[in-house]
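Please see the structure below; I have some questions.
Chains here go by letter, A, B and C, matching the order in which they are written, and residues are numbered from 1 within each.
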Amino acid sequence: MQLAELRGHKQHADRAFRVLAIGAAGLVLVILGMITLVMTRRAWPAFGEAFFTSTRWSAAEHIFGALPFVWGTLYTAAIALVLAVPISLGVALFITQVAPPWLKKPMVYLIDLLAVVPSVVFGLWGVLVLSQHFGLGRSFLTAGIILAVMITPIITSLAREVIETTPASEKEAALALGATRWEMIGASVLPHSKGGLVGAVMLGLGRAMGETIAAALVIGSALGQITLDPLAAGNSMPAVIANEWGEADAAHKAALIALAVTLFVITIAVNLIATAIVQRSMKRSRGT
Amino acid sequence: MIPATAAVEHTTSRTRRLSLRARPSWRTVKNRLMIGLMFAAVALVAIPLVAVLWSVISRGAAIAFQHFPAFFIDTIPVVSRRPGPGMGPAILGTLLATGGATLIAVPLGILGAIYLHEYGGADRLARLVRFMSTVMTGVPSIVMGLFIYLVWTMRFGYSAFGGALALACLMLPVVIGATEQMLRLVPAQLREAAYALGATRSRTILTVVLPAALPGIVSGSLLAVARAAGETAPLLFAVGAATAYNPDLFREANTALSVQIFGNANSSFPAAQDRAWAAALTLVLLTFVVTLIARMFTARLALKR
Amino acid sequence: MVAVVEPARLPPRGPRMVVDRKAAAQVPETPVVFDCAGVEVYYGAFRAVRGVTLEIQAHQITAFIGPSGCGKTTMLRALNRMHDVIPGARVAGRVYFHGIDLYAPEVSATEVRRRIGMVFQKPNPFPKSIHDNIAFGARINGVRDRNELDAIVEKSLRAAALWDEVKDRLKHSALGLSGGQQQRLCIARTIAVAPEVVLMDEPCSALDPIATARIEELMRELKSRFTIVIVTHNMQQAARVSDRTAFFTTELDSRNDRRTGTLVEYDATSKIFSNPSDERTENYITGRFG
């Protein structure tokens, strides 16, 4: 046996492949970094002192106060959560704890189907059916409802995954004590899944705030509205960007990019927290 | 935990029911009530899905099939209030942008997941990428569209390829996540078997691990494709809104079904709204077919296990 | 693969087990394949095996036996660098293969594993066809010609006594085979690469007695072509098939109060099972311990 025989000769290809894989993974960091850098640089001139405090937005006068849009985003997202969270939790509990086995799969399919309907189709339905035939008009409430429909499948499927990590032994422990099914859910399932469920709701929140097209179609595109009236027409950050980009001049575009940066920062913050919560709770429930 | 007293109460109530058929206790009532609420939630979820699909089918099919097959072939009327077909260029545009995005994002996503699971594992870079990739799935699509506008469209103009880039950015983290999940399911013994035969790491991954995980990866990627095909916001900034066919992936403004729906939905002309419904029907069919194919791969996966 | 090595090229050997030549008389002395001295394997800070010194000789079956946790599998995996794929695992001491340090920086782990194959505890066929399972190794070694591949597949399956059972369904999935057939397929897959050594990690633990008997028979046949090292928890199996037996046990690691594996006694199998020199070996094989 010669030492040379045990020397590798295929290692270059192996190393090249590894480098390729690292490069592809690193792309995630590169893209996120570039988004932050490129967009912040473009938007910088628009972040005047009044950007987050002024309620006046007038493209013609180059006055850009983003407060009403931040409000609109938060308000519609809040409406969406109020509607979507109980429904999603109910459906997730139904699928995992109540539904007979033969019904589980069709239910999961139904939820998945809801998740693939393109948002622009929901928007179309919202603007031509919901807002016209139900007396809602184009308003915060209409936008909230449409957003709720869109985030329900996301929250439901995440909640389902989280709930399913509850060990059978914990559930049986409650049932063996004579608990009803609901008492078992309250005693074993919910405490076990609490963290993950909070994370699921926050991911839904992030999605609701970032959703553009449906909101742009039904929110009403009114300027300067900061009101709690759910039937008032308003505007949200992504809707403003989508609706005004076409006619914007340079300064206006910078302001719109500034809105996008604001939206990016808020949604990323929400997602960071949500992801951290979900990952921690998943890890804990797996016992590692 | 259930307090012990509750357990005792329950046993007594059950004995009573057995012997005397007593009224159900408040605990049973509450249980039924909550389960009833869950049923209500399921109904509430089904309502919008059925309502939306009903509108899309009833209003869209009328137009799309009245002018069959012209609706799917003819160019888009330049004057939007004029009635009649079609959506041909938008269908082509959607296919170009989505197809381009798939060709970019799927190989890169698979490679990225290979790094995360096969090489990185638990080291710091892999953990960071995994975390940021999950975060990236939450980047609003309009932000991605603006980003591509700034780095690509401003320099090279509108094109289907710009849209493909934006969609690829949205798909990348989804493909990474789905693929890594599938790689995790490949048993370690398979890898060891290949190593013990003297296979290099890359060889093992390409010829043993990936084929074993393939149905799941295909399924996950197709779901990402279906999602991307329905995206609107990123295309608004990168693709443009042409009305004629543009088969060139890289040059000149193009259009897409979603962009056309958005534009026509905002219009007050009935003819434009009709076209929006028919385009919506086309888009929904397209995404559902892709989802269905994805499901078939998932089913194949389930059969194999 | 050349198994004959000039003694002069072997490096000087360290201290080793004293082998009782008389009792071992019926086991012929053949060239040394593995020369191990002071081998230690670590998983992170945990020392799983310590102080293993032994020689493994060509064309013999060497069995590693001992209670669970004694490090016999760990030691086996050190012989073809399978620990390289486990993050945090580390091998210290010397593992020489025909006089070459297997852990020298210029030695490639993949080349090592091509020459030193391994069969695992649980049959682990690839989810491919029977044919492609066997052809995998040949393909990675650059065989492209179909006829040549087919010949290798047939030869290996025949050698693994599986050919007659599967020759009509070579294109079928290997996952359709029974457990015993799968394990023989894995053996065929290993020998298709023409290794010099076949390491077997409890190859029969997932099999029924009949399948086990077939694998044991196969091992005896393969002995003339390969050097075989087998880890087994089954003492009867070691007694039946092996020429030499190494008995491992666990002991308290003085450094961190955790149990670590070590080699107690290494000798001709007949000697180990009839007249072991160490009391711990005797306790184990007579069933008083482990």
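By definition in this document, a residue touches a chain if its C-beta (ideal position, glycine included) is under 8 Å from a C-beta of that chain, and two chains touch if they have at least 3 such contacts.
A quick note: this is a predicted structure, and the numbers were derived from the prediction, not measured.
**Student:** So which has more C-beta pairs touching, A-C or B-C?
**Tutor:** Pair with more contacting C-beta pairs, B-C versus A-C: B-C.
**Student:** Find the chain most remote from chain A, comparing centres computed as mean CA coordinates.
**Tutor:** C
**Student:** So how far apart, in whole Å, are chain A and chain B when each is placed at the average of its C-alpha atoms?
**Tutor:** Centre-to-centre distance between chain A and chain B: 14 Å.
**Student:** Taking each chain's centre as the mean position of its Cα atoms, how many Å separate chain B from chain C?
**Tutor:** Chain B and chain C have C-alpha centres separated by 49 Å.
**Student:** For chain A and chain C, let me know how many angstrom lie between their CA-based centres, rounded off.
**Tutor:** Inter-chain centre distance comes to 53 Å.
**Student:** Residues of chain A that touch two or more other chains: which are they?
**Tutor:** 8, 10-11
**Student:** Where in chain C do residues touch two or more of the other chains?
**Tutor:** 110-112, 115, in rising order.
**Student:** Mind pulling the residue numbers of chain B that touch at least two other chains?
**Tutor:** Correct list: 200, 203.
**Student:** Could you list, by residue number, the parts of chain B that touch chain C in their complex?
**Tutor:** Chain B reaches chain C through residues 121-122, 187, 189-200, 203, 207-208, 211-212, 304.
**Student:** Please give the residue numbers of chain A that touch chain C in the complex, ascending.
**Tutor:** Residues of chain A touching chain C: 1, 3, 5-11.
**Student:** For chain C, which residues count as touching chain B in their complex?
**Tutor:** Interface residues on chain C, with respect to chain B: 80, 82, 85, 87, 110-115, 117-120, 122, 124-128, 136-137, 139-141, 186, 189-190, 193, 199.
**Student:** Within their complex, state which residues of chain B touch chain A.
**Tutor:** Within the complex, chain B contacts chain A at residues 1-2, 4, 6-7, 10-11, 14, 27-28, 30-31, 34-35, 37-42, 44-46, 48-49, 51-53, 55-56, 107-109, 111-116, 118-120, 125-126, 128-129, 131-144, 146-147, 150-151, 169, 172-173, 176, 200-203, 205-206, 223, 226-227, 229-233, 236-237, 258, 261-262, 265-266, 273, 276-277, 280, 283-284, 287-288, 291, 295.
**Student:** Considering the complex alone, what residue numbers of chain C touch chain A?
**Tutor:** 2, 5, 97-100, 102, 104, 106-112, 115
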